[in-house]
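In the two assemblies presented below, chain A is common to both, partnered first by chain B and then by chain C.
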Partner chain A sequence: MEKTEFLHKSNTRAFQESIADLFRDNVRGSAMRRALMGYLFIAPTVVSLLVFTILPIIASFGLSFFEWNVIEKARFVGLDNYIKLTHDTRVLRSFLTTAQIVILSVLLQIVVALLLALGVQSIKQRVLRYFFRTIFFIPILTSAASISIVLAYMFDQDFGVINYYLTHIGLPRIPWLNSPHWAMVAVIITYVWQQLGFMFIILTGGISSIPPEVLEAADVDGAHGWKKLVHIQIPMLSPTLLFAAVVGVIGALQIFEIPFVLTNGGPGDATRTVVMIIYESAFQNLQIGYGSAIAFILFVVILSLTAIQFILSRYWVFYQ
Partner chain B sequence: MNTRRISRRDFMRNAILTSAGIYMAGCGMSSTSKPASSPTVSSQATHVRMQGTLQIAFVGTQVANSQKVIAQDFEKAHPGVKINFLPIQGKDWNDYFTKILTQIASGSVPDLMTVATEGIQLFAGKGLAYPLDEFVKQDKEAIREYFADVHPSLVEAMMYQGHLYALPFDFNAANMFLNMNLFSQAGIEYPRGNWTKDDFYDIAKKIAALGGDGAPYGYGWVIRLWGSWTPWIYNNRSNLLKEDKWQGGQWLWDTFYPDNPAAKGRSGGWRWGEPIANTPENVEALDFMVQLAKEHITPSISAGGGGLLQGFFTSDKLGMTPAGGFWAGGLHNAGMKPDEFDVQFFPKWQTQRHLFGTAGLVMMEKSKNKDLAWEYIKYWVSKPVMQYILSNNDTTPVRRSLATAKQYANTGPKHWSVFYDTLTKFPDTAPIPAPTWYERMNTIFTKYTSLAMSFSQTPQQALDNMQKEMEQAYEQEGGK
Partner chain C sequence: MFIRTVYKLQKLRWNLSYTMLILILLIASIIVISPIAYALATSLRIPSESFTLPPRWIPIPPDFSNYEAVFSTVPLGHYVVNSMFITLSIVVAQVATSALAGYAFARLNFPAKNLLFWLILATMMIPQQATIIPVFVEISKIGLADTRSALILPAVATAFGTFLMRQYFMRIPNEFEEAALIDGASHWRIFWSIYLPMVRPGLTVLAILSFNGYWNEFLRPLVFLKSIDKFTLPLGLVNLQGYMGTGSISVVLAGVIISLLPVLIIYILGQRYLVEGIMLGGLKA
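Showing the complex of A and B:
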């Protein structure tokens, strides 16, 4: 092609438009490639969430309308399972028991973890701080079943080490696992102790992120100790506390291993939680549909409580 | 120690190879006389099926060396066969059954699985277990020696609706284990065989009165169906469910126990009827347990396995506990010397009837290797295999010929003969009540026993409530 001919063509409108199209295609192609790359990165999470969480939830919801014992064919029963559970006093009681555990254990976890986190943060020596952080975090790394087995020995009314020391200081032996009241206390103590490390690390992170100049300004203004904690630190920690509360409530609503191993839900049904009832119905009694219905109600309860916590957070959480 | 083990192993291998040869010959011979209408065990099919992989589920965390050895020997005797063990962890039989049912629900079915009395009717009732009748009939000559060595009550416990679902491998009757260190400290003699509930109470009180630092308890038990307070129900002439028997199974008694008086009146298995949890005898039995707890003769009673009890017993904190032959090996492994503990029959109350549980390999209905599975069952219950596997006395062999002084020389107890004599001396001794709805029954039983033992309900209240819930469960399960 001659140079003059090319210059002539490049000045034409058609040529200019074709160059612009090419440029747009390149931009679009690069954006698509970037998007594709993004999808590839999130694919493992999305796929595993779909396969292991969303689909089971949908399947469980579907199963809740059937009567199925695994071996014989499932039979559609409509809302029968849901109607049945509203009359099942054991199920209703298990929700109350779980609620008790949730309220007491989450409150205790947050309060104790906050005090520990504040205490550890106030330690000047870095080595000691790391030492305590590690020590407090260790229980969360240990399986709940193992902890429960060991604590069952420690809580034993007659031969347990806890009562041994209680009697040495003049206190009576406590029927930790043999009284409905004390069995609940034993479950809560064990659960709080096991979960404390998680709350502790979250709150330690929150405390570390409070700008030092804010605390120094509080000191200059004469706010010390309790006043500084209530008026400066806790409000500034409120987003972390919200996270801790939400995660704590979701976890405690699903408590299973500790009461299962420590008390087997007893004495009677004193420590039988909702998940234990789901396990018992679905896998021991092979009432898969009924177990699914209870599981779905628990899912709705968790979802509702989380939503309520976020709604209420508007009134007490302060974002910087 | 090593030398002894190798030599036993070599002996075992030879014995097993020989017995496997006999079995194979037995199969070939009997298959010719088998009716053509039963294709499962035809000689041609046997030839084809002696290939493949057998999946065997059992309760536990790992495969014991003894199991590996005998499986390897079976594989050697059957080229082309592979044995895969599937250990399933469970804190008790109930937990194990739950897990295996879940696994079956997911489509993964083993060919064979270990099942105790607790689960025989559960799996048979749900159509998951496959009856062994045809196999036993076909191989009757080869298997006759086994039945001749096994008490009929154990075989009957493995039957349901007239069909045999397992060949018992081991059993444990609830006898009374005695801590002879504490007996000696309290100046108590080994009790006579026909000791009574009152004798027991006096002994338990004396041991509990020993005092001192960490004073011992006279008697201890844990809440579960087997060996809990249920032996006191049995010896008070009662049960939790109405006892009946299934019809059928006469072919088995006629074939293998024609002249055995202990087989007279045996049936097609135990038929567990409607609940009778709150009979006056049961209330009386639970009341006695509560009395012992209130008098601090027993420690606090909670649910669980026997691990805690064994710890107390071996550390001389417990005088007596209901246990079976499995405790002999357990106490030995925990460091107790043979003369430091002993065993006696359970005390007499209205009667001296005992309860027992037995276990064996159950063939799964969905197994595609049924003939091979049957070969393994026969091999499993053969005397050399049983002797080898149970050499450490962690359970009681069902073969009477293995209840010998030699078997218990290393572990004790001195009165080892009590284990098997329980079956022969008390012919009305029966298995624990384990209907098709065993899992629900066990949950209800555990729940109300724990309420009575925590003094939250009186024995009468607890058993009335137990009865009410069991009636509901019985009705919902179709009264099977």
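Showing the complex of A and C:
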């Protein structure tokens, strides 16, 4: 409805009649109809989230006190599942492995994405800037599972392209997927590659929101290059960096596809992550209760991080 | 004269570092794009050339037999159809439920509105991995295990989408609604023919993010689907790589390229919206 049209209509007879209608309308009835309308509109979302998110997270907590293999009847075991997992070296190791992936990959993602974003932002030609942006963005469009297939071929010790080029510049062949240490490196490289574009976009947004006057003032005062980066750009980016870090950590805690396809958690358990353990215990070993206990711990960790982000973003970060 | 030389020297130095910067970014681009380039190049070579080193990065003439094989010898065509059906169903459902709920939270008044809104927002903190076991139990109990609906039904609503659409609906000034009410339009008509067309950018952002996320989804299909003919594309490709081994890497890679096409096309058509969506914090990794 255009405004001019409305103004034009206000002079018509129909308009005067509808005003009269409005006054005749029972105000209470109209409010009730409005409320009913509201409930109808939110019903699909509320019901669906209740059934498929809220109920399941409560059930996940509940199930963690049971021993259940789907076939037999569930048996209440109290805290047994939680006690068991504190002695389960595979579970403990998966938490350590995941923590390692989280810390290294998020650090790497942010540093590389920041450098790339700063570099692209200082490019003068628009076409070139657009080109780089597009290239760095494309990896997030890919599915982690199918790109891991591609990288598994590329990382192959004997036939892989990566080792081919490494030997070409005089480096030894690296047992990417066959050594526990290098498998971890391969998983982290793949994950960083896939998530880089996401960080790149977030940091580019942060950089372009720094007022140009601030940077000009820094130039006038003789702060160039690294000095400008460390003392002006990074502090001014701190809200963006914090956001990127927390979102990155929460995402990396849930890493599954890449180690599942690339290394299948191996060699041994070297790259077995928490979500892989949840998947294996619940859906392969049919230990529903045990899997739920591990899943619930993961949920608590992610929830705490979200809370920390919320608190930190209020007190810690530099705003201009 | 001297000052001019210094100026020229400085300009030269600056030009040099600028060229260096572009060079470094070019090398970074090559590294970033190499897995996709490798998949594309290998998928366009005859299978026996899959492992020749160095790989022929530009396969001329290109060989399309792998793409034919994808649809004739392996059931990849099936996977494409399954993925499309599941993803599009989820996208349509999420856009519809989010538009309705977003409108209600932004423009209608009803008891417990804020409480319900915060409840919905809070569910954004619950990761899918933490609920997948009970959701699987639910799905099995209602007899949907190993069906495409098992993937669609639990995904019809989204807290993020509701939040996003609420933001878009709130930006629209009140006068539109008042004017329409005076004209005697019903609430449904106001929603459908006045407000909904005005939030089209928001709907597009949501549709693109949702398509991208569910098209690439892996964990839920892996858990919920058992029969090969119901597999989605990522699941089917991983399965194919598993049992075919290295024998048909070029066929598998042709599948990978096919799986990339829809998201690439959407990216080219709607990258403005995709970037906007990411800035609003909503890409499912």
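What to note about this one:
Note that in this section the second predicted complex is superposed on the first by the 255 of 320 C-alpha atoms of A that agree within 3 Å, B and C clash if a C-alpha of one lies under 4 Å from a C-alpha of the other, contacts with A are read in each partner's own complex, and residues count from 1 in each chain.
By our rule, a residue touches a chain if its C-beta (ideal position, glycine included) is under 8 Å from a C-beta of that chain, and two chains touch if they have at least 3 such contacts.
In this text, all values refer to a predicted model and were calculated from it rather than measured experimentally.
By the touch criterion stated above, A:S179 is placed in contact with chain B alone, chain C being left untouched. In the superposed model, A:I169 makes contact with neither chain B nor chain C.
Once the two complexes are overlaid on the shared chain, A:V127 sits clear of chain B and of chain C alike. Of the two partner chains, chain B is the only one that A:D269 touches; chain C does not reach it. In the superposition on chain A, contact is made by A:I201 with chain C only, not with chain B. Shared-chain residue A:F159: touches chain B and chain C both. By the touch criterion defined above, A:L286 reaches chain B but does not reach chain C. In the superposed model, more residues of chain A are touched by C than by the other of chain B and chain C.
In the superposition on chain A, contact of A:T306 is made with chain C only, not with chain B.
Taken together, the two structures place residues 152-153, 159, 261, 283, 288 of chain A in contact with chain B in one case and with chain C in the other.
On the chain B side of its complex with chain A, the touching residues are 91, 94, 98, 101-102, 104-105, 126-128, 214, 217, 299-304, 308, 312, 317, 439-440, 443, 446-448, 450-451, 453-454, 456-457. Remark: chain A residues 69-71, 152-153, 156-159, 175, 177-180, 261, 263-269, 280, 283-286, 288 touch chain B in the complex. Contact residues on chain A toward chain C in their complex (touch as defined above): 1, 3, 6, 9, 15, 18-19, 21-22, 31, 33-39, 41-42, 44-49, 51-57, 59-60, 63, 116, 119-120, 122-123, 128, 131-132, 134-147, 149-154, 159, 161, 164-165, 193-196, 198, 201-202, 205, 243, 247, 250-251, 253-254, 256-257, 260-261, 275, 278-279, 282-283, 288, 291-292, 295-296, 298-299, 302-303, 306.
Here chain C touches chain A in the complex through residues 21-22, 24-25, 28-29, 32-36, 38-39, 42, 51, 53-55, 96-98, 100-101, 103-105, 108-111, 113, 116, 119-120, 123, 125-138, 153-159, 162, 175-176, 179-184, 187-188, 191, 194, 212, 215-219, 222-223, 233-235, 237-238, 241, 246, 249, 252-253, 255-256, 259-260, 263-264, 267, 271, 275, 278-279, 281, 283, 285, going by the rule given at the top.
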